[in-house]
Amino acid sequence: MSGPILEVRNLRTYLKTVRGTAWAVDGVNFTVEAGKTRAIVGESGCGKSITALSIMQLLPEPAGFVDSGQVLLDGKDLLDLTWNQMRDYRGRDLAMIFQEPMTSLNPVFTIGNQVAESVIAHGGTKAHGRTRALELLDRVGIEDPHRVLRQYPHELSGGMRQRVMIAIALANNPKVLIADEPTTALDVTVQAQILSLMREIQTEMGMAILLITHDLGVVAEMADDVSVMYAGMVMEDAPVREIFHNPQHPYTRDLLESLPSRQSRGKDLAVIEGSVPSATHWPKGCRYANRCRFRIDACEAAVPPLFVRGASEARCIRLDEIAEKGNTAATRIPGESGKGVVA
Amino acid sequence: MSNGLLQNLESNAIPLLVVALLVWIFLRSRTQALWAEAYRRLRRNKLAMAAVVLLTFAGTVALLDSLSWKSTNSAQSRTVLDQIFGRADERTYSAPMGSQTQELNPRRVASIHLLGTDSVGKDVLYQVLKGFRTAFIIGGFACLIAVPIALFFGMAAGFFGGFLDDVVQFFYTVFGSIPDILLIIALVLMLGKNLLSICFALGFTSWIPLCRLIRGETLKHRDREYVRAAKALGVATPRILAKHILPNLLPAIIISVTLLFSQLVLYESILAYLGVGVGSDTGSWGNMIDAARDELTRDPAVWWPLVSAASALLVLVLSLNILADALRDAIDPRLRTE
Amino acid sequence: MSAILQIENLRKEFGARGFLKKSAPKLAVDDVSFEVQEGQTLALVGESGSGKSTVGLMALGLLAPTSGKVIFDGKSVTDLNSTERLALRRKIQVVFQDPYGSLNGRMTIREALTEGMMIHRLGANTREREERAAHLLADVGMEPEVLNRYPHEFSGGQRQRVAIARALSVEPKFMVLDEPTSALDVSVQSQVLNLLRRLQRERSLSFLFITHNLAVVEYMADTVCVMSQGKIVERGSVEKIFDTPEQDYTRKLLSSIPSTDPDARRLTPAKS
């Protein structure tokens, strides 16, 4: 199992808004290796969900458009496909699960109906759909699948619904599972079960997972590779160990330092001052420059390319200097943020 | 003319006050950021602006028909509109733009009647314009009766819930099951066939959908965190209702009241058609349409009173509906959050 | 050190009520007791449906308990007359989770911040109240110019700051924080947590911190009560709960927290 199964190249996606054209995804590159998990992590509004929707070509209509780039699944560019061709891929080779399992299931159909539907949609017979549905529900750890088949979404708990969503996604043995904040709406104990289930199924079926999340804990638990997104761009792309033990980009560092923990008790947490620039008017330099503690004038000249440092790649022109400083001591003065500036 | 107007100030006080109130509300709301924003959005909507222009025209006509004074040559007080159209009636029908009557001995009509005249020779345009005042009075007064009732019961039921909610719901479910039209007819027959009693009858029967809406919205806001936070601050219940919840209901109320207004205007015509409309001395499109029934059977058909009255009705109701739709887009907070 | 808030045997049943219908009441909070010490933070931890927010509402006096007592500053909250109740309102304030729902969209920041002062007669006149409001904004790290703006013009973190300023406007001694950072991004969460810690220090506030986020608890709390299905299953200092949990439920909860070290995964074994 080697080589990328999914490759996203220079993806640019814009949304038409009342304030103008918002470049929500602005030149994103990453690869997902077969059987591995790639996490895309970032804060709200960084473009991580739009990236996922661009790959599935399920952008909000009529406002969202992929401008340019390639989405290569097994070497085939999905962006070249017609709507009908893409429909064949969706749910078969590429499956997706969402944050809110309540609204992703249709409340007026039984669970059995909806799981079988995903089999039938890709050429299965009705009888096959039903037996397969049973099999799938059993596979995602639902006890008494016979009963659940006849139930409606509202009769299930959040965790059970997410299991059903995973069952639907698995119906046609997808090559890539895109999971957009799959556990954000769930309690922490249920989240633990769902994450374990995803990992288990991945090992068993060998599918790749593209995990979209804001939760660094989920990333640390699940990911093999990580893309840290900020303001429509990938700021850092590295193996998961590097991200957590040896972060390169100032943004990645700041994010990790702002996590509360036992060690930081009694001390102020690191904060990121200022706010994300507007997607309708990106600055011409580094997009993190206005909030970055390592900013120099050169940062604002042009968007930095991805520089390679070891196994990591990061979009910052001062990687080497920062690495030295970062090793000497925590250079930042702890303090709490302060500006209530309205964008 | 203005001299006469001033002399009869007391009889003109109400329409002038209403206009002053509307202007004051408009100017005041302009100074509040949220409403000013809504106006800006409304102004961008060309169709809505056309509707606003038409409504302003209709309102002006209604106002001109409400300001009246006694002139020297008649003991009856006459409105501005009466004075403008103060010319001789024809003796019978004349077609729109017509220069001849349909009598056996043709003669020149006294002046051109833009929309013709009806069976007794009255100018149709004049009658159509007279209808605006009636429409506004019916819509306005009935809303003035319906909105407070709906607000009172809707907010009380939604906010306090419990037994009170059960009682209010039960009451409007039962009340809403009686056919409106029967209730209105009964009320009109009881109160007498005049403008005011029709307003009462319409007002008392049209508050239910609004009340339902207000109850639902109040229920939604009651458990919002900002209401809880206000309670935690010690804000008293009446103030929570008036200062916290009511302003959040206003967008929904304004939109539905605009729609209610247009429905009430339509209702007036239906009532007139059923013979329980405003008296024949009050200009009304319903009366015109009712009268036109017989005239359509003549040969050649006398269609212009019917078409004129129906068109005026259509234009007013359509403008109101367009405005309501545009208001929804302009002030709906859900669209604003992002 | 003394207890500022004592909760004794608190119980709350919710009954589905109707005109001609009746159904079995649901027990949301079952015999809950704890004390919050002055100047300290007690965290109430639990998953959704554990009853932790219901306890918060009862502590605030916004929800009447079915039985049990809430004692604030030595006085039972349930037996107060209306004047005493209003005085109590001033002392206990709340910050909720949803920064979009906790501010009235039709009130300016100025109105939101001065309303409480008006009710409790803080500040002699409008002008003085506005000055205090401006100070409060500065205190939570916002600029006083925003007074005339409406909540929809602000980001989630900024709204949460305004909500905190509003709570502070009546100079409380005790604050119920109901998931105050759950809807925020981590970088914003750290700002709000820093702010809360500083305010606690400067104003010697006591906090009842209701949350499901155990990392935040570990950072913020002095004492922890773990709730499940309406009951407190375990209580103790942060160290005790996190290092030597005694109950199975607590252990399960703790083992569910994702690790932030990919070499020490808790939920999913690292693949070879």
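In this document, chain identifiers A, B and C correspond to the written order of the chains, with residue numbering beginning at 1 in each.
Everything that follows uses one rule, which is that a contact is a pair of C-beta atoms (placed from the backbone, for glycine too) under 8 Å apart; a residue touches a chain by one contact, two chains touch by 3 or more.
These figures come from a predicted structure and were not determined experimentally.
Taking the mean Cα position of each chain as its centre, A sits at the greatest distance from subunit B. In terms of C-beta pairs in contact, A-C outnumbers the other of B-C and A-C. Rounded to whole angstrom, the centroid-to-centroid distance between subunit A and subunit B, based on C-alpha atoms, equals 54 Å. Centroid to centroid, with C-alpha atoms defining each point, subunit B and subunit C lie 49 Å apart.
Centre to centre, using the average C-alpha position, subunit A and subunit C are separated by 31 Å. Annotation for subunit B: no residues touch two or more other chains.
Looking at subunit C, residues 149 sit in touch with two or more other chains.
Within the complex formed with subunit B, the subunit C residues making contact are 17-19, 57, 60, 62, 86, 89-90, 92-94, 96-98, 100-108, 115-116, 119-120, 148-150, 152, 163, 166-167, 169-170.
Within the complex formed with subunit C, the subunit B residues making contact are 33-34, 162, 166, 169-170, 224-226, 228-236, 243-244, 247-248, 250, 333, 336-337. For subunit C in complex with subunit A, the residues that touch the partner chain are 47-48, 137, 140-143, 146, 149, 153-155, 158, 161, 185-187, 189-191, 193-195, 197-198, 212, 214-216, 218-220, 238, 242, 252-253, 255-263, 265-269, 271. On the side of subunit A, the complex with subunit C involves touching residues 43-44, 187-192, 195-196, 199, 203, 214-218, 220-224, 240-241, 243-245, 254-256, 258-262, 264-265, 268-272, 275, 336-343.
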